[in-house]
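So that we are looking at the same thing, I have put the structure below in structure tokens.
All chains are identified by letter, namely A, B, C, D, E, F, G and H, in their written order; residue positions are counted from 1 within each chain.
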Amino acid sequence: MAKGRIIIDIERCKGCSLCISYCPVNILKLNETTTNIKGYTPLMSIDPDKCIGCGFCAVMCPDSVITVERFIKEAN
Amino acid sequence: MAKGRIIIDIERCKGCSLCISYCPVNILKLNETTTNIKGYTPLMSIDPDKCIGCGFCAVMCPDSVITVERFIKEAN
Amino acid sequence: MISEKVIIAGFGGQGVMLMGQLLSYTATAKDLNTLWFPSYGPETRGGTANCSITISESNVNSPVISTPDSIIIMNKPSLDKFQPKLKSGGHLFLNTSLVKDVVLREDVNVHNVDANDIAIELGNLKVANMVMLGAYLEVTKVFDAESVLKVLKKKFTGSKASLIEINKEALEAGKKAVL
Amino acid sequence: MISEKVIIAGFGGQGVMLMGQLLSYTATAKDLNTLWFPSYGPETRGGTANCSITISESNVNSPVISTPDSIIIMNKPSLDKFQPKLKSGGHLFLNTSLVKDVVLREDVNVHNVDANDIAIELGNLKVANMVMLGAYLEVTKVFDAESVLKVLKKKFTGSKASLIEINKEALEAGKKAVL
Amino acid sequence: MNNVEIVYKKSEGLTDKYLSYCPGCTHGIIHKLVAETLVELDLIDRTVGISSVGCSVLNYDFFTCDMQQAAHGRAPAVATGIKRVRPNSIVFTYQGDGDLASIGIAEAIHAAHRGENITIVFVNNAIYGMTGGQMAPTTLIGQKTTTSPNGRDAKTQGLPLKIAEMMATIPGATYIERVSVHNPSHVRKAKKALIKAFSIQMENKGFTLIEFISTCPVNWGMTPKDAVDWAVDNMIPYYPLGVYKDKTAGEEK
Amino acid sequence: MNNVEIVYKKSEGLTDKYLSYCPGCTHGIIHKLVAETLVELDLIDRTVGISSVGCSVLNYDFFTCDMQQAAHGRAPAVATGIKRVRPNSIVFTYQGDGDLASIGIAEAIHAAHRGENITIVFVNNAIYGMTGGQMAPTTLIGQKTTTSPNGRDAKTQGLPLKIAEMMATIPGATYIERVSVHNPSHVRKAKKALIKAFSIQMENKGFTLIEFISTCPVNWGMTPKDAVDWAVDNMIPYYPLGVYKDKTAGEEK
Amino acid sequence: MSKVLMKGNEAMALAAIKAGCEAFYGYPITPQNELPEYLSKHMPLYNRVFVQAESEIAAINMVYGAAGAGARVLTSSSSPGIALKQEGISYMAGSELPGVIINVMRGGPGLGGIQPSQADYKQITRGGGNGDYYLYSLAPETLQEAVDLIKESFDIADYFRNPVMIAVDGLIGQMMEPVDLDREVPKWDLKPKTWIADGNTKNRKKNVINSLYLDPQDLEDHNMKLKEKYDEMRANHQRYEFINMENAEIVIIAYGSVSRIARSAIEILSEKGIKCGILRPITIFPYPKKAFSKLPLTVKNLLVVEMSTGQMLDDVIISNERGLPISFFGRVGGIVPEVEEIVEKVLEIVGGEKHE
Amino acid sequence: MSKVLMKGNEAMALAAIKAGCEAFYGYPITPQNELPEYLSKHMPLYNRVFVQAESEIAAINMVYGAAGAGARVLTSSSSPGIALKQEGISYMAGSELPGVIINVMRGGPGLGGIQPSQADYKQITRGGGNGDYYLYSLAPETLQEAVDLIKESFDIADYFRNPVMIAVDGLIGQMMEPVDLDREVPKWDLKPKTWIADGNTKNRKKNVINSLYLDPQDLEDHNMKLKEKYDEMRANHQRYEFINMENAEIVIIAYGSVSRIARSAIEILSEKGIKCGILRPITIFPYPKKAFSKLPLTVKNLLVVEMSTGQMLDDVIISNERGLPISFFGRVGGIVPEVEEIVEKVLEIVGGEKHE
């Protein structure tokens, strides 16, 4: 099960692919099936369950497209 | 007897006294009895015979006032 | 007497400038008067861009085109901007791969071309502009595609020479799209 | 009605500017209108310098003096420059320590003052200007030396206060020189 | 379900405007760091930033603090003007390498010389991005640009200037560091440098400059990732990362 | 009688015009050295010198070579303009510290940056002489000037710039040395530095700058000799003499 | 308060302090050095800012910054230094920032000379920088007027949100005259500066100071807004003085120190029975065009006198709607016209010997 | 030779090479970047000099240096960059150095915008720098004319020993048109440059390039010498074109790209039966004043059209000795006037609806 998840603000994404290279679990790619309002092909996750919530993608995204959440196991 | 001599271009002299401090034999002073065309009190030598022709005065004069000659003893 | 005023508009990167320049180069090769003028939107990057091309046997005066004879529209914002200016009875070439579900004027000739789709089919999205150009040439007959291709061959030398073939195909495909 | 236009001229360093300023300060203290204007020669250093002082009960207009009522001349080049401008019947104060064997106009009042010599005698060459000023005041009666001295006292404070005495003596000596 | 912890989200120091930069340009990463730093140090509502002339000229729209747009190269003078009359405000400039290292080198040097209590965010991408890719003083030897079409030639165009190294010789400067944003760990280091710089300013300790190695995918003619790699392989060797001056560490005699 | 040998006379590189400097100002000594160097290297009839704005502005009348007067601070740009179109001519600038270190620092840095094959004669007298003694970037801490009436204060006016040190960090520069003319032996050393600099230029080896510690008796309010002593006691400790960069000696990796 | 004798440059400096000038940024240049020198000593006493910038360009950009942060701010220079400030001045006008700039003019072009001149008239009134903008430009003739106008100029700058230029020649900078520094000057009705970007956004939205408008329509709108301001200056803020104008047959048009020389000249002319008036522009932008329609009908000739080769002539020709013959007399390069020269020129004209 | 299609900036660059330009010094700025970019590639091929300077100020001072050394030299920039060059330009004029400066104008003031504009008319024609000087200023309307004038401008600069300004708007810089680069242009009668200071004094006395004259009389003499030059330009070197002037009832005055738009407008007007001529200034300094006296007597109205808020109006008013009513139409900030707008404005005037 996923340790975290990413939320992609699709309209901000410029489809630059930079984030993709930094995902340690390689679950990111551009969604070639769509374009956003600015004409860019935006990011998607191909396997959200694998996300470890490391935040690398978000840190490297120049356009602050990605929000990253990490799931915290409840104490009991 | 003098080992050298200095020739002072009086009209160029600004009476700054700089040269005076560098003469190793202390034979330079300003000639308070006269002023040159620019209104300055020019340099004079008080004891030309003592001049060793070292050139220090001339080297330090900012206004190229002084020509220095050194006497060369003839070989015979 | 040839006298054509066309505006080509789209996103930066869609090759609208090159399309226009090709027209002007071809005009020059044919010893016609011509003027190409670019205009970039207020955004530094990724904004809209357009160019105006005048081709004429007499002198070209105003570099700005208030009432184009034709417009080639590569994206939605460009349609909004230039459709109102098109002269009544003029030609509107629309990249319907990107511009869908829009209201179009009734007093102009609309030519729909799925330029992006056709280009992707040809193997390179980048030649969508040439698809549009092919359609434009076919309809307006300003030049034949041959003349444009000749210019293209002169411009695309060295490493770019390999691109001539696909550009040729794109011109052809555009032509067919409006047949 | 007081209306005096005087030009003071000499080498840079002879204190001609201060002399002129003292006159203007004194005028201001007496609530008169006055204007002091300096002019430096084209040379950066050691060239000639002069100032024009106008003192008047009415408004002072032109800051430049074309026809001075008096001129105070500290060196030869200044004589050459300003003697021709002096108004007929005006006063020419000449520092004869430095300016000798010169041709002087016949239609003006010449006052010879061996200012440098007198100053050296007083113990400080620098007060030659005050000697000239003393002579000027004595002849023209523009102000009495007392008023000038009062201003001087106000200006010379701190370390300079010790100089007041010799300046006073210089003014006196200048006065005597033209008695 | 699990609770969630926010690992990353867009900084409150940034407005909602879309950045005007080309896709994948690291100007955007540097913007985030500046914004985050100002928010974390609780400075955002007492800061005025100076937008300079370059691709970042429009960033007066991107930061949520007050902004003033400066003439090409003059941002440090503008910052000086502001800081001297509003010493309690935090003042930073954001300048490209054309802006700072070329036309504006005098203003940068003299702000440091006077020890102005400001922070310069210096973005070195080895090119004039905004005007379409001309040679900058920081363009590397052999690098092709629109005004060095055969690659920069040392003979006619000289050797690239090293700004951090040069600024570090200025007695008035307090803190000078060169950082890079080519991977998450360097992004973290870069942010540390910014926090240090703005903290120094908060404490009125003087002039700080952080040089960022940045990319220009469009004018370098590369994908964003290739550009980052090119920066690592080519720029960092010539422009080594590190602290070049730190008066606060007592390194300065 | 004895034969005579001329130990010293006015250089043929100087015209007969009286120098416009104040009595005892060491600008005059530096002029002599430049003139002598050009004559000794047989360069005087292929040289163009650039007069800058400062007390030395009139020196277009003093040297016997071609001269061009440059706007304040821009002499290195003017020199660049000339040298690029007349690469066989020898080109030097003569600049004060206000001219070079303040308004003209960008032009000096970028001439070095491009590796222009010119020589800069830089006269540091810690003050703006020509305009009546205002503070320069090189004015020492505590030094009184007409715009630092209570003595230069590090807090508001910063710490003096060290030009030779700063220029030495520029990869494009070939030779940088700081010299002084406070006594005959240092005058000799200073001339050696000039000979080295102009020789490098003759050999097309690039940018050279010689910084001279100089005096301004008038605005420092001292006799010429006291001024020289003040320079030795106060300036040289802050501005140490020596070679700061010498690419020709293979010191540069 | 009683009058004090002060050097022009120092009196202008003190006037700025009295006007509440919070900061000065400048760079040395003759013949205005006493102004920054005075401020370097006195600004700190009032806890105000004095910075000697590294250049004129840095200075004007510091002014731009401080003005953007809401401060009352001054710079001063002389002709070549003002030339260097042109981009910065254009920025200030474009960003609608107030600020006062004093130009103590010297002879040009290039390095020129250091003696008094009015050779920057066009640089000042026509905008030496890029774009459509103007500076409200005041040209005092006495130290008293210089002091009064400088005190008012900070208000004017704030009122219009536009730089104000004080154009004086080297004479005014260098002369000493008794001057009353505490004379009342008009106060302008100023709105609070809500637009400043000083960093303090605790209680307001962020502000931006900017002159960039990438969208042409935005830039045109902005230009039209600026134009309204200049039109308002032209319509309602021209200043001039008529001297001896009643029944004048000839009118000298002169500003700054030159008008003082003209004052002396008309005294002599009056002795000779010639009625000569003076039209003295106080604002050189906006040019006092209105004055020309108020010239008495007795006026038959205009004589422009300047310390330039005739830079004000354009404005006189444009304003001269009555089509009066215009003559010119100018001295340049630091030479100040003499009273007698002006008298002679007038005599030449009224004697009908030569009309231009 | 046959015509080639080139971008304006590149064609201008190539024209300079054809004119024998030996060196270019410049700094990047939109919308003229293609000009230095072209030269960076092509100057070395001809063994000529291309230097990207660190700033506009450095660039103009390099030009000053190279011109002093006797080279034919060029710089180019756009509005804010030209503002920065003012001191240097004043130096060139003061030192009587030739050189060609291209200003590809954009909207202002301040940073303004990057679209075409004519907002630097006053900066160009009135001298943005200090002192009494002017630039011979040419304003071509087509690429062909730009190329021809640039080729000639190097001669003109050498002839007058004065900088020449080529004033084009961003349209001309950015557009492509077919152009013949080898058309003959007038050759000026040039004297050998005996005054240069290039360092080579083997066979001549030393030369000095300088604009400093500390003695006011020397500086006045120098100014008078310069003035003669400008008077000569005014007297004998005005250039303009009359278009469709025969029996014109209204005349549009417009230069550069705007005159092309006016050309389209008068075609439409002629269809409507309105006789509209165009007076197209080719030199904007000296202003073609002479043209106004040659306007046919049928002309009843003048309409000035500019891409500025009306900067040329001063010159038109001064030149309009016949006192014809003058109207104005301008777009600014990068907006180019449209043909229809001009047509409408003319109709409004000849319809008598509104006179200014």
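Here is the rule we use: a residue touches a chain if its C-beta (ideal position, glycine included) is under 8 Å from a C-beta of that chain, and two chains touch if they have at least 3 such contacts.
None of the values given here were measured: they were computed from a predicted structure.
Asker: Under the touch criterion given at the top, what is the topological distance in steps from chain B to chain E?
Answerer: The least step count works out to 2.
Asker: State which chains count as neighbours of chain A and simultaneously of chain F.
Answerer: Touching chain A and chain F alike, sorted by label: E.
Asker: In whole angstrom, how far does the Cα centroid of chain C sit from the Cα centroid of chain E?
Answerer: From the centre of chain C to the centre of chain E is 41 Å.
Asker: Measuring centre to centre with CA averages, how many angstrom lie between chain C and chain F?
Answerer: 62
Asker: Please compute the C-alpha centroid of chain E, do the same for chain F, then give the distance between them in whole Å.
Answerer: 34
Asker: Distance from the CA centroid of chain D to that of chain H, rounded to the nearest Å?
Answerer: That pair's centroid distance is 55 Å.
Asker: By the touch rule stated above, which residues of chain G touch at least two different other chains?
Answerer: Within chain G, residues 51, 54-55, 57, 80, 87, 91, 95, 110-111, 115, 210-212, 214-216, 218 contact more than one other chain.
Asker: Of all the residues in chain B, which ones touch at least 2 other chains?
Answerer: Within chain B, the residues that touch at least two other chains are 14, 38, 40.
Asker: Can you tell me which residues of chain F touch two or more of the remaining chains?
Answerer: Counting only residues that touch two or more other chains, chain F contributes 21-23, 57-58, 69, 71, 102-103, 105-106, 109-110, 113-114, 130, 137, 156-157.
Asker: Within their complex, state which residues of chain F touch chain H.
Answerer: So the residues of chain F in touch with chain H come to 44-48, 50-51, 57-58, 60-61, 64-71, 74, 77-82, 84-86, 89-91, 106-107, 109-110, 113-114.
Asker: Help me check something: in the complex, which residues belonging to chain G touch chain E?
Answerer: On the chain G side, the touching residues are 22-23, 25, 49, 51, 53-55, 57-59, 61-71, 73, 87-88, 91, 95, 197-202, 206-212, 214.
Asker: Per the contact definition, I'd like the list of chain F residues that touch chain E in the complex.
Answerer: Its residues touching chain E are 102-106, 109-110, 113-115, 137, 154-162, 165-166, 168-172.
Asker: Under the touch definition given earlier, write down the residues of chain H that touch chain C in their complex.
Answerer: Counting only chain H, the residues touching chain C are 2-5, 114-115, 171, 174-178, 257, 260-261, 263-264, 267, 336, 338-340.
Asker: Can you list the residues on chain G that touch chain H in the complex?
Answerer: 57, 79-80, 82-84, 86-87, 90-95, 105, 107-115, 117, 119-120, 122-123, 126-133, 210-224, 226-227, 308-309, 311, 314, 317-318, 331-335
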